[in-house]
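Before any comments, here is the structure.
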């Protein structure tokens, strides 16, 4: 397979590519016109850039909360919210007003400081993580050399925040939910990170913009050179996708907040604005982890077909984001919640070994491709990943297959 | 041995799952939900919900809510079937029915209720009153929009709210109402027939007595 | 220097809380705070990679592990802990103050020997990786072996416990099993 | 006071606090907290000498911290696993109750 490096158009400087950075430029220009010192201009511009990202994703959060309800309703042959505004478009506003006007309850046995800190600690890492993702060719809020490491490092804070939420509420259901959440997050963080390691090995950098740029170009002129379209990348991408569902606490891995079992998990004792913060943190985390998945495996802002370079790159990113988020909704509408032992066994005995296998595959892929043994790379890595996967699924089908039902009285 | 044949057996899931293509079941589920989602936009019969205040789903004939009192004809007072016999009042488990018999000035029963109250905040929709009523008077209603902001008087239904015409019953639950109407008609006819027969008999006897003892006319007719 | 002056009292306060507070969960959370602040400090002086790794491992893994095992185990009696604190504090201080004195003495002697490298350049990831996999390969392999051994060891601990609890459960079940009543002919 | 001296003082104090925790706490998990504090103090020393000490082109300081963090993670995992095993036996994490030889 020959990598035909078809450049996806020269860096276009026309307006749409710069649109997301317009607020920053405007603020900087205004500050300069007012005669502010350079450091102030820089800070103001930075705040404007951060506000752009936060604004975009808060809008996305509001929209997603509506779209999720509409989509789930359609999947269940219902209509969904359609009363507030045209096609229910004002439903998020109504929800927000409802949330904000609710009484803020702190249980008598709660520790008020930690109880207050938990929702904030949930939201902050998600926003921090959103800051390092490259949304477009020109639109990278913070260019960090260690972007991926930063993403995972702040992501770990969520676990502690969930624990604080569960423990500080001073009640049983939050505690149980927090224990479930922590064990689930710790288990799924491992395959998540390890499947991302393969990308780092191939790219040779922890910088997210560099990872996206490395996925530019097309195989055979039309297959985009995304990491997903390689044996190790497909394997790692699937593992990353499953683990990211679990990290985002979404169905079918939404045990920490399983409504039918433990009320709302660690959020049980929260109400009003704090509950809304949890909700927001969860959705922002979903955006962040899908954005990272797109960056790592789906080529970030790269166009999916050659000749589409004239479309602003950030539109591609958000189109991919919409597709990934819709797939989450689809899965949520389809699958029932798994049991806790199934969840753990799946993480440690299936996802983790497969994630570890992607590392040698990615290494071999890099070495062989560097020496132009492209066909050999396919021939080696595909069986390397496929055979263990088939063995694992065979074992799983045997071990997890439902038992043949025996009837105590009827069969005797 | 024969018992096992009564059990409806599904295909053995263990054997089915053992060598299936990995992930095939998940894929099938995804296809089902995708079909649901797409078809819900163009196949109206899929949608089970209605836009409630504007549209209403037709209620089933078996739907039973709080009781009402049936009356014949057009006048809810004169046509009321209820005779204030108080059987329903006594049978009502939560004792939500309150009946006062109407009497004339002499204290003689008029065989109709002066007060018939049902406290629907107490009523539990069991339908026992309807089952025990010997006069085909009390039936379970189909009305469900009963919310009110007055939880005392607004939930205490008097005769004015309870009395509903037999036509309403026919509309609400045609099968039952037809049967009741037929039975009542038969009973009415029978009663009329008996009365006619009685009258004819009485007339005949009278004529006979008149022939025998012309002077005892008044006495014989009185019996 | 400024971040150091701001951060070091905070780190010390958090560490003091971790040592002092009677409620175990508070102590563990303050430990996490102290370690996170240390990570922030690493970030401010240019050791980005170390700071992020410190954050990820200490806050994301170790603090969570400690907190989680605090949840699983029964917390001790706080009142008892507080009651015996003066006595244990005297013993503890008697042992630690000499250590502190020695440390501070050696610091006062060595702290003056600074080579004035006020802005030593931050290392790149490539430098670190090269150093790690050329001169320090044996150490990397040793750590790898250690981590593997730890993983297997922890798994064995967990597995052993699981097996024993399962067998205990199974014995309970067999003791309590009710024999199905025999179907008698009518 | 130079940054190096300040950092060394900080790490000495942290080390002493960790030692104090190890000596005065009875809960085994909190003793582990003290050990983590001591390890962290040592790490601060390494970073301080790398940053403010003599030039260090081989990056020995950061590398040592990296290894130290890895070992701290391993130590915490094994330590907590042992503590949990002990807890399973004695229903307590109080180290003062671990003075009998029969489990």
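The letters A, B, C and D name the chains in turn, as written, and every chain counts its residues from 1.
Methods note: a residue touches a chain if its C-beta (ideal position, glycine included) is under 8 Å from a C-beta of that chain, and two chains touch if they have at least 3 such contacts.
As the structure is a computational prediction, the values presented were derived from the model and not from experiment.
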{"item": "Identity of the chain that, by mean CA position, is farthest from chain A", "value": "B"}
{"item": "Computed distance of Cα centres, chain D from chain B, in Å", "value": "79"}
{"item": "Length of the line joining the C-alpha centres of chain A and chain D, rounded to whole Å", "value": "34"}
{"item": "Gap in Å, rounded to a whole number, between the CA centres of chain C and chain A", "value": "28"}
{"item": "Separation of mean Cα positions, chain B and chain A [Å, integer]", "value": "57"}
{"item": "Overlap residues in chain D, where contacts from two or more other chains coincide", "value": "none"}
{"item": "For chain C, residues that touch 2 or more chains besides their own", "value": "49, 53, 61"}
{"item": "Overall pattern in which the protein chains touch one another (line/ring/star/complete/other)", "value": "line"}
{"item": "Pairs of chains in contact (touch as defined earlier), listed by label", "value": "A-B, A-C, C-D"}
{"item": "Footprint of chain B on chain A - complex, ascending", "value": "71, 74-79, 330-331, 333-335, 389-390, 393, 396-398, 400-404, 407, 409-411"}
{"item": "Chain C partner contacts - residues on chain D that touch it in the complex", "value": "1-10, 12-21, 23-27, 29-30, 32-34, 36-37, 40, 43-44, 47, 50-56, 58-59, 62-63, 65-67, 69-74, 76-78, 80-85, 87-88, 91-94"}
{"item": "Touching residues (chain side chain B, partner chain A) in the complex", "value": "3-4, 6-7, 12-15, 17-20, 22, 26, 29-30, 32-34, 36-37, 40-41, 46-49, 51"}
{"item": "Residues of chain C that touch chain D when the two form their complex", "value": "1, 4-5, 8, 11-12, 15-16, 18-19, 24, 27-28, 31, 34-35, 38, 41-42, 45-47, 49-50, 53-54, 57-58, 61-62, 65-66, 69-70, 72-76, 81, 85, 88-89, 91-93, 95-97, 99-100, 103-104, 107-108, 110-112, 114-115, 117, 120, 123, 127-128, 131-132, 135-136, 139, 143, 146-147, 150-151, 153-154, 157-158, 161"}
{"item": "Sites on chain C touched by chain A in the complex", "value": "25, 29, 32, 48-49, 52-53, 55-56, 59-61, 63-64, 67-68, 71, 124-125, 180, 183"}
